[in-house]
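You will see two complexes here that share subunit A, one where it goes with subunit B and one where it goes with subunit C.
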Partner chain A sequence: MDHAAGPAATPPPAEIFRPRPARRAPPSTLGVQGWIRQNMFSSVPNALVTVIGIWIVYAFFDALFGWAIGNAVWQAESRRECLDEVGRAGACWPGVIAWIPNLIYGLYPKDQVWRINLAGLVLLLWAVPLWLPRVQSKVQIGLSLVLLFPLFASYLFLGGEKGIVWSALIALGLAAFLWTLLTAATETVFGLGIARFAVAALGFASRSDETRRRLAIAVLLAVYVVAVILVQALSLPFVPTRVWGGLFLTLVISGIGIAFSLPAGIVLALGRRSRMPLISLLSTTFIELFRSVPLITILFMFNTMLPLFLPVGVEVNQLLRAIVAVCLFSAAYMAEVVRGGLQAIPRGQYEAASAMGLGFWQATGLVIMPQALKIMIPTIVGNFIGLFKDTTLVSIVGLFDLLSMSRAVGEDTRWLGLFLEPFFFVTMIYFVVCFGMSQYSLNLEQRLSAGERR
Partner chain B sequence: MALLESTAPSSAGTRLLAFVNNATVRAVFYQALTLSCVVLLFWYLISNTIENMSQRGMSAGFDFLGVSAGFGIGFTLIPYREGDTYLRVFMVGIANTMLVAVVAIVISTVLGLIVGLARLSNNWVIRNVARWYIEILRNTPLLLQIIAWYFGVFTLLPRPRESLGWLDAVFLNNRGLYLPAPLVGSGFAVALVALLLGIAGAVAWARYARREREQAGRIRPVLGPVLALLVVPPVLAALAVGSPLAWDMPQLRGFNFVGGINIPPSFCALIIALSIYTSCFIGENVRSGIQSVSRGQTEAARALGVPPGRTMRSIILPQALRVIIPPLISQYLNVTKNSSLAIAIGFPDLVSVWMHTSLNQSGRAIPIVAMTMGFYCVVSLAVSLAMNRYNRSILIKER
Partner chain C sequence: MNEAVAGAPPIELIGLNKWFGAFHVLKDIDLRVQEGERIVVCGPSGSGKSTMIRCINQLEHHQEGTIRIHGRSYGRDTRENDAIRREIGMVFQSFNLFPHLTVLENCTFALTWVRHMPKQEAEDLAMSFLARVRIPEQAAKYPLQLSGGQQQRVAIARALCVRPRIMLFDEPTSSLDPEMINEVLDTMVELAESGMTMVVVTHEMGFARKVADRVIFMDQGEIVEEAPPEAFFAAPRYDRTRLFLSQVL
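Here is the complex of A and B:
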């Protein structure tokens, strides 16, 4: 500008265009270095937080490993020996190791423990076909597992005298187990259930439908007869529920609670949504009453009131009282979960089902429930986890579950005052079970919603 | 229906069929059936109970409430002496339960907010520390945590003579936590008046700032002036007239401490375990609430030039609260219910002193169970009524 006003005789020296030096490229966000920079050191305060965070994590794990492994004692006869060796700086594991059988089986007689193990094995074998891809009768196997396994297991656990009715029921459980194994085997190999496979194998495949149906029933009856004979041969000494305990008792209570709560919750939720005012009122009252009070009050109530509710002279053992309380409590919670799932189903589904001529039960069972249950999986599993954790409360009403057993270690004269180590061990058990369940439910949810993802 | 019946040739059989298949008739039938089952069940239970009670010489009346209970209670919020009535025991239990619930709710909300925000941090380390904090603590039973804190930490603390001290005012040992107790001093009234004036000033300023913002669009600072108004006047008054509060310090005499406030170890263990356990659930609520606000809101705020802190405070949080508050309240109810686990470590809450000790002493099972359950029912009914009203008030107003 200044030049323009000046004399035009000498043109100003041409200005050489000099680009400003390029700004430095922003730090790379690719690769390991870039990721670390973005996620841990993006700014000065962030870097500071990272350093402090890493230091806390390091200090925590250092202390934990030092206590649980580094300074721990693995061989000792009593807590005194541990204390003499390392004091409080290290864990005293021999006490926990010596108590592991009690932590798992409670005071169940040592020579009878195989019965619990056998029941566990049966449960495992019964459940495995549910994960085999070629097995088709998964619904029947699952239902029989929930409904009939308890019949068989109850005799294994309890033993003692079995009358005719109980024998027949135990045999039914065993027969269902045999049927599951055989069906899973034949379906995996030949693609046919055991009954149809037997009919085909015996050379009756070309007979009329009626004959084949009768033969199939005969095969099932034969399985039942085998089961009856096996049950008759099996005679187990009586083990009172008083000595049941440890992880075994925890699994029994939560298993029964889980198996009972889902069907009962479905019934209650349907009742609450029913258009019949009386049924809706009764269901709502039950659900709200049991949900608004703590589980411990329900346990206490059944502990003191159940003997009063039943006819004079009827004895109800402590375990049964706790199980009734846990079942009713978890049914009320499950009912609300199911109701949430039902509410998420659009009205059009109900209307379409009625338009197709389906009645209430058909529409609910074939159209609404399958969709609702799929949505509810995470919440249902969350409830199961809650129930599993809540079974620790039975220790307050005098049952020897896993938690009471872990407290008993520190009251043993040899291991007096040993609390932290058994608590740590038991915490690990609970964590592994609950965390495993929650991760599995996430996985299941993702697989089931595969069709809706884009 | 009437039209069909008049035109169709109807015999007695088809009319019967129509009657049986009629939805209203069926509904009445099913309800009558259910009602009679329920009535029969209750009649059975009640008649058994009456017979059992008469055999054992038990009574169901509430007359025992006026009788002296005759046992001591280790920790009471409201005054209680051995020899007070059962009704008083019930009150003591309710007060203790409410105390635990309120303290645990406050601590767990603060912790939960921190954990929930940490879960969303840009920083990988913080995000994962928060995640595993939540995973580990919410996947282990609360009762186990309470018992572990009590037996694993508080009973293993040193004896009073070797207690852990801080500034010679706070002491921690196996008899609990000792804090200085405030006593009303000479200048208390002046300081109190100053504090009240400060509060009034703070409220007035906040209202003024809000009106300015809503009507004139001018943004006035709020947090700084309000804090100053709350803190400065009482401090000045205290400096002017001398100490408004005297402190009763805990002191070691012989084998134990005298003076100050003693908080029993069972209370400490219960509060710590409850707060930490609940903070995991609250943290997850906070996280899901914030994540439920669409990203477009943040981007729109950035595009309009709203700074990040203000975006969080004025745009994201108000919308997230809509999602966060209902589950948060149900967590508060859970805290109240979970405080009943106090019985496992001998803290005298409602269930412990009333449903356990009083029931065993008096044998009045029915009234005691009914009163305990009644208390919890009233609390949760009141909260859910308030909740429904709140939910209606924050519903998004749609066209």
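Here is the complex of A and C:
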């Protein structure tokens, strides 16, 4: 630490070190031109491969474009007319267009379809505040969306008689939605949640904490009462699940699966890592059991074997059985994803939190999970995408999801044999949804890691 | 009975024994640290020095013996144990800052979640400690954007924020570039001068000479020698200590 030099040997005065300025990279390696030259035409064989590759891509898209758009028929009354007009050289879209309502809503009664659209709108409005920068209660809104939207939506979809308990739950869902809208509005405009805003607006801001808390609770209760009244006024006819179908059914099954699998996966992963032997054993058994069996087998088991174990007269809805099967299956997969993420977090992180006096749950929830979930985003979204596509398997137990609905088009007497076009259409829907999810995950990843790169 | 005892020494280790599986890491460790005392622990790797200070705040659990912090001993009650640990700040070799939080959030973290302090108050307090380690201008950055020395100073500020009465340092300079070691040591010297009770595991003998009240040399899970720095460096009693000193000095 002590570098004082003795007076005997005086070194010559130090020269000043000046770093050289950085130079520009050679132009041939920069920009689009540079990139093309370097990566596509760097040598004769390379250039040849590039040309052949471009030709293959062009030929493929040219043929596809000719079939799907160039030679396609857009107006016809039946498949016969299409065939008379262009033969098999062009697509016959009128069949698909005529079937679009069924592809989307299944056999859901036409005059009730607004209920599905309304649920979609509610979902959208509920989720929008999560992207608004000035909204602070994002965690609460996100949790209420995942936990309470299904309550409200299931009544919209099902309708029918509602008992007192069921009414109270539906109203809870609606109240959470109203609260989300109000809070998002007041937080955006005034920076205060609805309860605190109401307290301030009514002139109680200077009162004691106790009074303000009571008033805030009263405001929340008032929202709930409004929701109860609205739910009482809402009376919807019953729509049995066997007429549900199409994209709607696919979204219901995969949506519930997605919303359930992540939290359940986190619980299972923590359980598997637990030091308590019984919990660890149970979690491990569950995970390994469901991961070792194909989804199609689980669906089949739930559909045919579950009723054998239930008492006579108790019948579990077929859709519910499929949903439970999908949920358990995806939870087991998600548990392993989460466990992988947890293992990537150094032990020191937990130790630092622990040394500060945080307990296990706080350390896990505030330090470990946020970091683990962030690295897991690509894999988690990958699993969601897989789950969304796997729901096509529910057709095996007699549910009419998007894919099986598309096959029904070709069985319609007017459009007999029209399989390719609906199939193509459905493929595009799957592609748009899955590609959207993957792009969103990339975007999320970039935003979350923005501040943390070296 | 497990109340803080006035006048009790901050740290007492009595007959401490610990095994990793069949391996005996700590053998009958007895150590008593007085209020405001600065202890430097040194020794070859694998001598049990890190394990010993990790036992003091129960990052490792011992199998035999007693640990008393201000007269309170660790027991089965995890809440009680957590309460005792809050008296103790710890600085790690690998910093262990939370990479998903900014420097300021790292410092306010325990204040917010353990002490339930209001946000503004916690931020003011955290800023005062960041100023004390001379990096207040880095408060809004993320840990990985800082140099190693800066990260370790943030870690010190973070540990100090909860106002611990004891500070433990587990090789705080061992993973730093040579150019950054001094900035961290200077911060630790200042802390020592403020009268904090400190236990420091380190190979920085210059630091030991300058601030330690006692130097402890460990080998094979035992405290071999324990002496004030002048005596320790000038006339070590054991051949093992002399061999070690001849290699690190």
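As a working rule, the second predicted complex is superposed on the first by the 416 of 454 C-alpha atoms of A that agree within 3 Å, B and C clash if a C-alpha of one lies under 4 Å from a C-alpha of the other, contacts with A are read in each partner's own complex, and residues count from 1 in each chain.
Please note the rule applied: a contact is a pair of C-beta atoms (placed from the backbone, for glycine too) under 8 Å apart; a residue touches a chain by one contact, two chains touch by 3 or more.
Here the structure is a predicted model, which means the values were calculated and not measured.
In the superposition on chain A, A:F419 contacts subunit B only, with no contact to subunit C. Subunit A is touched at more residues by one of its partners, and among subunit B and subunit C that partner is B.
In the superposed model, A:P346 lies in contact with subunit C only, and not with subunit B.
Judged by the touch definition given at the top, the superposed model places A:L181 against neither subunit B nor subunit C.
In the superposition on chain A, A:S438 makes contact with subunit B only, while subunit C stays out of contact range. Contacts of A:M301 after superposition on the shared chain: subunit B is touched, whereas subunit C is not. Per the touch definition, subunit A reaches subunit B in the complex via residues 39-40, 42, 46, 49-50, 53-54, 56-57, 275-279, 282, 288-289, 291-297, 300-301, 304-305, 307-312, 385, 389-390, 392-393, 395-396, 403, 407, 410, 419-420, 423, 426-427, 430-431, 434-435, 438. Residues of subunit A that touch subunit C in their complex: 1, 346, 348-349, 351-359, 362, 366-367, 370-371, 374, 451-454. The touching residues of subunit C, counted against subunit A in their complex, run 57, 59, 78, 82-83, 85-86, 88-90, 92, 94, 96-100, 102, 109-110, 113-114, 141-142, 144-145, 159, 162, 182, 185, 206. Across the complex, subunit B meets subunit A through its residues 27, 30-31, 34-35, 38, 45, 48-49, 51-53, 55, 122-126, 129, 135-136, 139-144, 147-148, 151-152, 156, 337-338, 340-341, 343-344, 351, 355-356, 359, 365-366, 369, 372-373, 376-377, 379-381.
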